[in-house]
Structure formats: structure tokens, C-alpha cells
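Some structures to go through are shown next.
Shared chain: chain A. Partners: chain B in the first complex, chain C in the second.
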Partner chain A sequence: MAADRRLTHSQILKEPGVAIFYAVLSVFLLVFIVGPLVVVFLEPSAADWARVWTTPRWRTAIGNTLAMAFRSTATALLVGLVYAIAIERGNFPGKRIFELIPLLLLVSPPFVGGLAFIFLLGRSGLITSNWLGLEVSLYGRTGLWIAQTLSFFPVAFMILRSSLQSIGGTLDNAARGLGASRTRVLFSVTVPLLVPGMLAAALFIGIIVLADFANPLLIGGRYRVLATEVFSQLTGWADAGMSAALGIVLLMPAAVFFALQQFLSRRSHGRYVTVGGRSSQLPQVGLPAPLRVLLFLFCLTVAAYTLLTFFVIFAAAVVQLWGIDYTITADHVRRSLRHWPELRNSLVFALSAAALCTLVSSVSAYLVHRCRVPFRTGLDLATLLPAGIPGTLYGVALVTSFARWYPRLNGTALLIILAMAASYIPVGYRISSAALQQMQPSLDDGARNLGAHRMQVFRDITVPLTANALFATFAYAFIRSIGTVSAVVFLVSFETMVSSVIILNLAEQSSWGRAAALASMLVLITFVGLALVRLISGTRWNRMFTR
Partner chain B sequence: MDTSPDTTQSHLELASVSHWYGKVCAVDSVSLSVRPGSFFTLLGPSGCGKTTLLRLVSGFLDPDAGSIRIGGVDQAGIPADRRRVGMVFQDYALFPHMTVTANIAYGLRMHRVPRDERADRVHAVMQRLDIEDLRQRYPHELSGGQQQRVAVGRAVVLEPLLLLMDEPLSNLDAKLRVRIRAELKELQQRLGITTVYVTHDQEEALSLSDDIAVLDQGRLQQQSDPVTIYEKPVNPFVAGFVGSANMLRLTGQNGVRRLCMYRPEWLYVAPTGAKADDPNTEIRTGTVTAREYFGPTLRYRVALADDASPVYVDAPSRPRTGQRDTFAPGDNVALYIPTDGGWEIPDRG
Partner chain C sequence: MTRLRSFVGITLIMTLSVVSLAAAGRAASDRPAAGSLRVYAVITQDDAELLTDMFREETGVNVSFIRATTGELVNRVIAEQDAPQADILLGGASLLHTSIAQAGALESYRSPNADGLPAYGVDPDGYWTGFYVTSLGIGVNEDRFRRLFGDTPVPETWDDLLDERFAGEIVMTDPLASSTAYLFLQTQLQRLGWDAGWEYLETLAPLVGQFPTSGGAPPQLIGSGEYSIGVAFVHALSRYRRQGFPLSVHTPAQTGGEVGAVSIIRGGPNTENARRFVDFVLSVEAQQAFVDQSLVTPLSDRVVLPEEAVGIQEIDLIDYDSELAGRQRSETLEQWQQIVD
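Let's turn to the complex of A and B:
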């Protein structure tokens, strides 16, 4: 009886509030998300398409992109899996710290991993050069592989960890009771039950790796991938056609992953986990001691590297020249303060984007899940769409489509805010949808029965009861927006420059100290934001990734 | 309000109301009328259309055919938030982020009742429902029974023409259910408000209602008072749904064979060998095949020598001295059938 709780099609006309929200939201999604993506397909000429497949440089980039997507996804998944098993089943001290560390990385600006990689494992890196005395260059394939693995394993960790939690101890105990050894339980019960979670995580990470822009830019070197080529074609060569063509090629595997993800999440919703009903309070079956020690050491290594990541960024900001001259100095910090206008832009844009993202995602979730509006599936898909769109392609799409429709918007704050918001609308939508599904539907009816019209219900009932979700969306969108580069890099102008792009520019000019100083500020803002969220709403962040 | 209905006529009238979910017909041409001030129950198994009917009356759904009149006013085109219909939901739907007072005042706020009048009316309702002490509590701080009273209060404070209740007892445990049931009836009588109550529990329906409408597969089967529904069901579905029904084939004095329904407590069993001293009693022999103990009563399953289907018979579990004994499975018994006490079901389906 879920369907009958919604408005009938004819009733939408009787509800002006719903009709207005529906119309505004539809126009927004059409003009700013679906429209640009359609336009970008018209951008490349036939000649551009021909060149994509015949130019060796592009063919190599396509091959590299796909190879990286599989390679980095596989290793990030593996690291995340082992880390999750260690945290949930290893039963060793310091669990709370170990589980926090990947989270920090997850919410950090995307260039943090790459920048730290240079400081730690680069030509004059702390580990490679200073500690080990090696003269190696890991730039290129190997470096990118390592950096992406370490940057994206937190995603796998978050998803698999909540899978592990929902599996609970009952099945493990049952297997143990049937005579399986502890190690056997792990491999014959726990890991197989994680397969759906692993698949979901793999698709999730796959899309992120394909779209990854900061790591290839910083440490890809001559190992070219599509995400950066899309950028250099547009900004370096002003070749919008080629840039769009490459972006569309990049979209293909991402779209496949996205479609698979949608298919799986709709089909297997809670398939394995709800067999026994409520998850029980039975204690977990422990793992044998040697395995636990190994898991602990593994966690320790990964966590130590991750902490070093943040440490070197803060440290590089206060020494003369990282790797060469470790004299303490305040020069970089002082000089980075000159970038206050960009930092202010970042803050203002990110706050606006967070507000926009929260509004769009919650209204869309409400309309899709609580109102029987026409084209619900279309609305649902359009809202989730940005999750499958590589940021670089979306950047190109916005630039090229507004160049046709309304050129005066290009380079303005509006498009930047839009690009930031759009990327996180799917996450916000998932959070809001989950919150709505947890709310009794009878509350809506109750309020309506008492004389409230739809928009009053939304204001008085839905918003207060999903406040945590809205706040989490806002904070998440803000934290991620402030560091984002991929879509924004196409849209900034002199007046609307943001600090994340400045950091990449500084890194390209090898102004490491200043880059690190500015990056430290963004990282600190991120951490403060995260702390606030935990303090105020206590929202579990992993929830965002499991829906 | 765009209409001011005659409150003495505040009853509900459904005329050939139908509703489809896609190709599934949930409510099939249902007509019924509810007397003013009465307690009216929609009774039927899950999926019979009773909840859909309630949603049609409250305006959450529109009928595909037929008309609904409340207090003589056709409700077509009046949205859910403008109908003068109060509703008590199965899970009460109390707003968890509002206090009891705020919950009860919400409807008045939505109807733009001035602040002072609002406070007075909320207070009056709380007094009548005896929930003044709960004023500042939140729903999660209330017991099931208290939640229900708040839900009723929230609905009646708007002085609706009709109060709808959707299985409001189903979330309570068995003992509480019986107590709240009595409370509910008493409350309804005190408020004098026309009430439409939905349940699948026949005992609830029989004990609470002035009138019952039995529904099955979207169709109205019978509308009548509880005694008639129980003793004179119009078809086998109603007979079986509101209680156990034995179908016995009797031969009348004129030799005409009739198929009659007997409730288990309308029959009785005795040791074999007795003779019928009453010409209106027919005796058949059979064997007890099962015995269920319910506390106050016993239910025997008796296999008759001349009938394939078993007969269920209720008896007091502790017979008074000099009366019938209790029997165990395997005992041979005589089944006493009062020949003029059965009910011949008119529509045999």
C-alpha cells in the first residue's frame, strides 16, 4: 500500500506548492545537469571523433585510463577490505582511532594524497630520499597507482565496514557452532557475504578513479589519462571539440559502472543481511591470534602512512624547502595569506554550493518518495546522474553549453557554485531518501488530515524530522566543495579563482611551501567541519555510502 | 470551511464507490450509510479494501466512481486537508518532535485558529480525555494507551463531523487491547461523535460497534448490527469470518432437508444413550477427535457418523455438578442440535 500514499497525477494541479517546487526542480535539473550533458555530445565534430581513435596519444590515454581504473580499484578495494575486517573483527586496541583515520582522508581535498605523495615518495621525498637514500622516480604509472590506492581505499573501507556490521555475529557463531575453525569462518562465511558490498564498493571506486583529476595532474607525469587530457585540450589548446570528445570517451566506462551500480542497488536491497531479521547482539567470533597480529600491523602501516600524509602537508608549510632544507620558516604561511581572496571565494562558493545542494537534494527526495508526481523515475535518475559523471566532463559540459546559451555566465561564481553543488547532490539525495524512508509515512497523512497542505507538511514535519540528514548533506557538500578541483578548474576566472586551483598551480610551479601552506588551511577547515558534524548531529558518515 | 453542513445530519453516505489501483479493483461499488453518532465498523480480512475505503473517505484517495457524502455534502474535489474528518492512525502518527500540547494544537494552527481560542480548545480536549498531566511530554514518553488518547484528542479538537480509526488497537498487547477497547467505546459515547472504525478482529468489531459492514475483496458483504451479523450472516464468507460456523444438514418435520449454520456454542454434547426429550432437538452420534482448552471454555471437534465434515462444539470447561461431563478424544458422544436454533444462510455463494 505504498503507492496510494502519494498524490494522484490529477492532484498535483490542486497542490500549487508541489507544482511550483516540481517545476523549479525540473527546470534546474534540465538546464544545469541534463542539458549541458546533452550539449556536450554535440560539441565534437566528426573529425574530432576520428582523431580520438587514430591519434596514438589518445589511444594510449584511453588504454591508461582503463588500466588504471581496474588496477587502482582492485588494490584500493583490497586495502579497504583488509582494513575493514581488521577493524570489525580484529579486536585490537585503538579501534576508534583506526576507524577515524580513513574518514579524515575521505573528506580531505582531492589533492592532499597527491601532494603528500610527492613529499613522501617523490624524487626528494621523506621516505624515498631522506630515509632510504634512494634516487628513484615513482612519477607515472607506479606512483599514480600507489597514490590512488591510498587515496580511495577509505571508500571501500566505509562500505565494507557497514556491510560487516550488518552481517553481525549470528552467522559467524552459527558457522563456528557447526564446527568451522575461526579462519575458516572468515573465508567461508564472512568474505562471501561481503561480495555484494565489494561489488558496490568496486563500482563506486571505479567511477572515482576514472574521474580522478588531482592525482594524475600532480604525479601522473608522462603517464597520461583522459581526465587530465580533457583539461589540457580545453585550457591548453582551446580545443573544445577534442576536449568534449575525450570527456565523452571517459564517460562511457563511468556510465557503465553507474548503470551497474543503480541496477545492483535497486535489485539487491538488503538481500543478504535481512535473512535473520534484527541483527543480534551475539559477540563476534574472534580471529586467531597470528592473523590478528598481521591485521594489526597492516592497519598500523596504512594508518601511519595516512597520518604522515597530513603531517607532511602541515610540515612542508613551515620548512624552507621540503626534502632539501628543513629549516623552520613562516615565509610560506605569510605569503600564502596573500591568497586570501581565493580562500574567501572558496569559502563563499562552498557555503553557497552546500546550501544549494541541500535544497535540491532534499526537495527532490521529498517529491520522489512522498509525492506522486509525474516522471518520478526520471527525476530520481536526473538527481543521481552527477554521481556517474566525471567532474572534468561536467566542467567541459558547463563551459561549452553556456558558451552557446548565455556566454556571460562563463567565469562567474554561479557556474562554479553549480558545479560544486551538482557533484554532491546525489550523496545528499541518498541521505535524504534514507531519512525519509525511516520516517513513518503516516506522519504526512496525519498532518494533512489536520489541515496542513503539502508544503506545510514539508516545513513542519519533514524538515524537522530529517534535520540531521539535511545538516549532514550541507556539511558534506561544504567540506567536499571547498577542496574540489575537477569541474571547477574549467570554470574559474581571475575574479572567481578558488584556492584549490591555486594550490595545483603552485604545485605545478614547484612552489611546494606555499602550496602546502594553503593546502593545510583547507585541510584544517575540512577537519573543523567534520568535527562540527560529529558534534552536532552524530551522523554516521558511512551511512552516506551504503545507500 | 466552504460549507457549513447540518451537524445533526453528520453522517456518512457512500454510493457505489469504486477504486482501482492500476488494474486491481480495491473497492468495488460499495454503498453504505452511517447513522449520526453511531460507532460503525468496517470489518474484513487484510486486503479486503477497508483501509482503502477509509483513505477515500479521508480524501487521501479519490474514488474512480461513486460519491461520498459527509453530513450531506458531496466530498468530490475537497482535498484531504480541507475535509472535516478526523483520523486516528494505526501507528497514531503523533509528531515525534512535538509535545502533546503541540500535537493537539497543530490542526488548530493549520486552521488559523487564534492563539487564545487555540489554548482553550486544547485545554478542554485534554481535560475531557484526562491527559492534562501529559501536556509537556513527547510521544516517545507516553504509553501505548496514552498515545492513543493523544491521537484521539488531536483529531477531535477540530470538531470533525466524522472520526476515522484505522486499526488503532493493533499495536497494543492483548491485555491492554481489551482495556483500551472499553475506554474507546466509552470515549466515543461521551463525545457523541460519529465514528468509522477499521479492524480485522471480529471480536473487536462485535464488542464496539453499533453497526458493522463486512467487506471481502473490495465488496460489501453485509451491513447490519453485531447480533445480526453474528447470528444471521447473509453468506458463507460472513458466517466464517465473524466466528466458527458449522454447516449441518437437517431434515424438517415435513421431510424438507435444510442446510443450517450453527455456532459452536449453539450446540452441545452429552454421553451417548440419552434420549431427546424435546421434539425440537435432534440427536446425532459421533466421536470426539480433538479437544482444545481455552480456559473458560472447551472446544470439541466431533466426527459425525453420517457427515464427512467435523462439527465444532463449545462447552464450559468446568461443568456444574449434575450437568454434562467433559470428554476426551476417542469418546463417543451424542450431539444435540436444536432444530429451530440454526440459521439458514440465504446466499449460499
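Let's turn to the complex of A and C:
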């Protein structure tokens, strides 16, 4: 007999644990997420709005932002798709190494790709200038396109790979039995089955590209996009109204993508359970040999570039000036050591933000999906809200609300940790929700019938059974937080400076050696942190983010 | 085993959350310790490190700094007026210090070490004191220039820049983000007059390959051969030349320059140390070390001019009206945004 899981207002009082969590969570979301956003929406004046549409600079930036979002999403999706097919169906040697390559990119701080791009493909880059002897400038549209494709294809890879795994071999084999060629099976069975996954991946990447800040700043050249304009309006011109207006414009397409995403995931909910699963024991149909060779070469190229990315970051840290003077020096590394306090801040804040994010997102998921508390839809939306919000806009929102009303919060760790955590709560929430939905509610009911309180159920059943989801959330929030620039750049101060902002500073001054040295240290710290999470959780690397 | 792991993990997460929130809450109520000093630095990371390291060694005061663009720090100083985070604004055009003073965010102080500075280097009301002069110049990467343009003479005057062949090869800073670039706009507008000045800028803008946000970027970008021609401060260009980059540095006639100033933020946590810092920055030893490293033009005649630096007598400055430049700021930048997309 299933117990009624609905919790009425009177019942909630009998469950003090739930009531307290519910109250704390609601206040948290209202004060730190909904509140600042309302404030930032009220910031621009009518004149600011008029200027957004009449100034050529911003009209161009809006056009560029949209065009780049579509362009980069399309190519990132394509690269991710081909890579996923290669790994899952290519059946060539070295798969175990190749499958780690996108993961490596996924977990490195956001400016690593941009810096490496300058060192490898810049005007005096290793590949473009030294190896190919080209006199080209990729800064601007082309460069940004390439860099974003390389930065974000891993997201497509992760999503499409798990779709591929769930498709199973039954349909493939049926098509083969009906006389389809191996190539035909790929294009008329496998790829069409991937369409829902591709759509989901495209929306996910689209939102990330819109908000991407590091790549346009480092290699955008004259190609302006909104994410960086939001920043320069506030830093260059002290124009909070204009900055907020541009941020809200940037929010619109992101909100549309986000709404579509929600719509699709609601609609497809439940279908994944019936389609495929891992029940099929039939081996998947392989690909024809020439195609496999091509796929192998493709993976090899991507892998080579990725490994070069990390190589140049480390190498640029120990030579005088990359591209010009390759004398070995310890100077940059030695001088980066004085940034130890900033590195420590990055680590501490990112760990705290990850913990906060994990806590908020899992509690919220539990309350929404298992407790039927009042205003569930509101809670659901408020938790998911930051997903569509570009980091720079959230930064502006915190500056225009808290920092203004309560100046003593200015530059404190609290605002920085909040800014970091809030941005990644939606991903955590999705991970936890998915894990909860995979769990039979009858387990809860059984325990409840045996007399357990809801909080006991949460502690003894839900948390242990969804532990992997919690670790995944923690790891994701940690790696994103430690590298973020956009959300925190307005919030840092003397005691709370973080290394990613220093790296941005050094890169802006074109102090490449020092920027690379500090970036290398941050990359190492990130990897060590991840290794620890892996050790504690016992999750395998390639499983950590596939949920 | 799994249970143990998840138990350890969950406990860690919970502990971290509590600890972090507690720490963050405590930090929120912290005031900076007495006996320290906090500096907002507009000068480069290297130069700020030099001066703060020297000051720390000399006085034992625990000094820390944040380096950012002029615009961002000016915003911060004005925005933080009710609860100032920093004590000193180090560097940046005197004009900007004046505008912050008008907003009421600066403290007046006349350092004894300011005696003997020329009149234009000291604020009559004492809100800021100049400690260097910078002027705009043209840098050319000789290697790249020769490879691309053969025997074409290198641009040495402002008008030489308007050659169409240079399209995409010129780099200058974004006037919206950098005061250096705003100085360049105003120099052209004041040198040629408003209308002819805009004609000049409209011809030049399409030739520029990139507008980075930091004034320090163009010298490195031409030094490393990413572009062949750059508009930047002369001292910044000279620094790369000294490091052995194939750069030639040109100081055009009728150029613009500005006095770099230091000022004390009103109501900062350590105003007493701030005064000591201003005295220190204006001292001969600090000035000499700063000029030797940064190659800026010294304001004080007690400093020995390094070989690579340019003395004040060697610069042909226009009669720059900084007050006019301040008044026209919004209008100029607005119009600039109309011609550059």
C-alpha cells in the first residue's frame, strides 16, 4: 500500500525536519537568486533600453552573439557526435585513452582553451606561424568559432555517448538482417535515434556559448559579443544600467533555450526507461573499415590538439616568451608563487561553493520530487532559474543588490561563494532529480510505513542511494567554480582575490608567461581536487559526469 | 564499503558547507587589521609589486594591492564611498583623480616630498600628487613591418598611420575600457579640432585590427609580432624594446600626455599609513627605482633618467586641456561607439 506522499500544510508541521529545510531553502532561493534578479531587471532606465537598440555597437554585438551561438553550437555538436560515434562504434585501439580526452577539456578552467589557442593558433602561434609558416590572424569570428567548438564539444560528447550506450544493438541488428549496409545502419538507424540527445545537447551548449566570457575576451579580437560587453560597460564606464540592459538582452535567447530544454525533458520523461536500457545483449553492428579509419584519424587529431593545449600551457610557463624567446626560465613560476593566497582562495571558495551547491540542489530535488510540499512548481523554477542566466549578469545582479544595500558585504567571501554556487545549482538539481526519479518511491514508502520520519528516510535511504549523484554535483560545481571569472570578477577584493581573476589580469596585460604559469597551477589544483573526489566517491572517471 | 564512502563524502560536504558559511559570515564582519595598507593600483602588476615590496621592506607595513583598469578602480572607489575598502589609488591620469575628488571620495594631503615638483604635477587642493608623466607614441615591430611592407617608411607621425595598407595591422586600446585610448581620442580631437579630429578617427578606426581592453596589451602584441604597428604609451613600448624585442619607438610631434597621480581615499581603513605611502612614493629612492623599471618620464628633476626613457624636454606635447577632455567624455565615447561597431 503506497502511503500518500502529498504533504498538506497541517502535515508539514508534524514533520519539523522537512519544514525547516523547506523554510531555509525557500528563503535562500528568494533572497539570493530571485531577489537580485528582480533588482537587476529594474536597473536599466528607459533611456538605456533605447540606447541598446539604436547604438550600432550593440546592435552588432547582439547579432554577433546570436550568430556565434548557433554557429559554435552546430560545430560543437557535430564534433561531439562524430567523436561519440567513434568511441562507441569505432572499435579501434586506444579507446580508453581517447574517451578521457573530452573529459580533460571539460574539467579544465575556462581560459585554458583561450590561452592555448593564442599559443598554438595565434598570430605567432606554434602551429600557425612556426609549423605552417602562415601569416594569418584568427582573432575574431573564426578564432572564436574554433575555440568555442573545441571548448564545448565535450558536452555534446558526454550527452551523446550515453544516448548511444542506451540504444543497444537490437535495432541495428534488425536493420542488418533486413539487408541494410553497415553505413546505412549508421545513418538511418543510429543517428536518427540520437536526435533527442542531440537536441538536448544543442540547447545545453547554446546556453553555455551565449554566456561564454573567457574565449571572447581572450581571442574575440574586434568581434564583440554581449557577455563581454556587459563586463566592459560596468568596468569601463561605470554604467550599471546599460550593463544590466545588455545582460537582460543576453538572457532572452538563453531563457528560450532553457524553456525548450525543460519542455523536452518533461516530455521525454519516462521514455528512456522503456527504450533500450542495457537489457539488450545483442552486440552492436560495427562500422565499415574505411569509416573506422577516418574516425580513428579524427579522434587522433582532436586528441593531439587537446594534449598540445595542456603542453603549451605548461611549456609557456617555463619559457621567456612563447613564440619569441624559448629560453628556459623559472621566472614566471617563481613569480606565480606569490599568488599562493589567491590560489588558496580559489580552492577554498570553490570547495565551499561546491558543498553549498550540492546541499541546496539535493535538498531542493528531494523536497520537490518526494515531499509534495506547497508551491512545488515555484521551488522547481527558482532552483532551475540560474541555468539560463549568464555569469556576468548574475555578478552585476549581486553588485546592484547586496553590495549596494549592505556595503559591508562588498568583497566578502560570502558573496563570492554564493555567486559560484548559484550558477551551478541547476545542474546539480537536474543530476539529483534524475537520480531520484530512477529510484523506486516504494522504498521510501516502505520505510515510512515502518515508522521512519521523512528526514530519516532522506538520511538513510535517499542520500546513500543517490550518493553518486551528489558526488557528481560536487565535482561539477567544484571544477566550474574554481575557474570561473565572469561571476566573480566584480565581487573580489583584497582578502578575497581569486587566481582566475589574476590570470585574466595578466592575460589582459599580455603577460603570457605569468598567466600560463598561474593557469598551470590552477589546472593542477583542479586535477588534484578531482582525484580526491574520485578517491572518496569511488566513481570511475568517465562515469563522473555522464549522468 | 560504498556506504562508508558515501558516509565520509556526505559528512565532508556537510562540514564544508557549515565551515564555509561560518567563515564567510565572519569575514563579512571583519574590518581590515590596523597596521596594514591596501592599494588600488592602476600601474602594471610588476610596478605595483616593486613599489609595495619596497614599502613593506622599509616600513614593515603589511601592504596588499589589487591591480585593475583605471575605469574599474575609479568605479570601485566611488561606489565604496560609504565603506571604503582601500586606502590608496596608485597611478592613473590626474584628471580621473580630480573627478573622484569631486565625488568626495578623496582625502587631501600635501606631502613634504612634493616640494619642488612642477605646478602641473600637484593638485592645488592637495587631492592628488603626480609622480610620473606618460605620453603617447607609436611602436613598430621592425621585423614584421619589413616583411609585410618592404621598404615603406615606418609611421612616425599621427598622420602616417592613415595609410590604407596598414589595415588590420594596427593595434590600439579600446577607449571604452582604457584611459590610454581615451587620451588618444582627445589628443586627435584637440590637435586637429573637433570636426577634423573625428574625420581622422573615422579614417583610422577601420584600419585597427584589435582593440584590447588593457593599455599594457598593445606593446606586447606588437613586441611578439602579432601586429606591426601599435599606439601606446612611449614608456610601455620602450620596456619591450629594452627586453630585446625588435621594436622601434616613435614619439610623434603634437602628442598627448598625462600626469600619473597618487591619492588617498577618504575614510579608508588606514589613512595614517596611506600618508606614509604617499611620502614613500614621492621619495627619491622610490622614484628612481620606479623610473628605472617602468621607463616612465619622471616628474622630479632629482631622478637620473635611464638611457631608454624619454625626458620631459624631449616630448612635444600639445597644450592638452584635460578639463575639456573630462567634460567631453560621455559625448566623445558615445560618438566613438557610433563609428566603431
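In this text, the second predicted complex is superposed on the first by the 508 of 547 C-alpha atoms of A that agree within 3 Å, B and C clash if a C-alpha of one lies under 4 Å from a C-alpha of the other, contacts with A are read in each partner's own complex, and residues count from 1 in each chain.
Criterion: a residue touches a chain if its C-beta (ideal position, glycine included) is under 8 Å from a C-beta of that chain, and two chains touch if they have at least 3 such contacts.
If you're wondering where the values come from, they're calculated on a predicted model, not measured in any experiment.
Q: Is A:Leu66 touching the first partner chain B, the second partner chain C, both, or neither of them?
A: neither
Q: Which of the two, chain B or chain C, is in touch with more residues of chain A?
A: Touched residues of chain A are more numerous for C.
Q: Contact-wise, after the overlay, does A:Leu193 reach chain B, chain C, both or neither (first, second, both, neither)?
A: In the superposition, A:Leu193 contacts neither chain B nor chain C.
Q: Pick one for A:Leu506: touches chain B only (first), chain C only (second), both, or neither.
A: Only chain C; A:Leu506 stays clear of chain B.
Q: Looking at A:Gly221 after the superposition, I want to know if it touches chain B, chain C, both of them or none. Which is it: first, second, both, neither?
A: A:Gly221: touches chain C, not chain B.
Q: Report for A:Pro464: first if it touches chain B alone, second if chain C alone, otherwise both or neither.
A: both
Q: Which of the two partners, first being chain B and second being chain C, lies in contact with A:Ala180: first, second, both, or neither?
A: It touches nothing on chain B or chain C.
Q: Which residues of chain A are in contact with chain B in one complex and with chain C in the other?
A: Common to the two interfaces on chain A: residues 464.
Q: Within the complex, which stretch of chain B touches chain A?
A: So the residues of chain B touching chain A come out as 21, 51-52, 55, 58, 60-62, 79-82, 85-87, 89-97, 106-107, 110-111, 154-155, 158.
Q: Would you mind writing out the residues of chain A in touch with chain B in their complex?
A: 1, 3-5, 8, 10-11, 14-15, 440, 442-443, 445-453, 456, 460-461, 464-465
Q: Can you tell me which positions in chain A touch chain C when the two form their complex?
A: 55-57, 59-60, 122-124, 135, 137, 139, 217, 221-222, 224, 232-238, 321, 323-325, 338, 348-349, 351-356, 358-359, 403-404, 407-414, 417, 463-464, 467, 470-471, 474, 492-497, 505-506, 508-512, 514, 536-538
Q: Sort out for me which residues of chain C touch chain A in the complex.
A: Contacts found on chain C: 1-3, 5-10, 12-14, 16-17, 19-21, 23-25, 27-30, 32, 38, 44-45, 49, 64, 66-69, 71-72, 74-75, 78-80, 82-83, 85-86, 147-148, 168, 174, 176-178, 208-214, 216-217, 219-221, 223-227, 244-245, 333, 337-338, 340-341.
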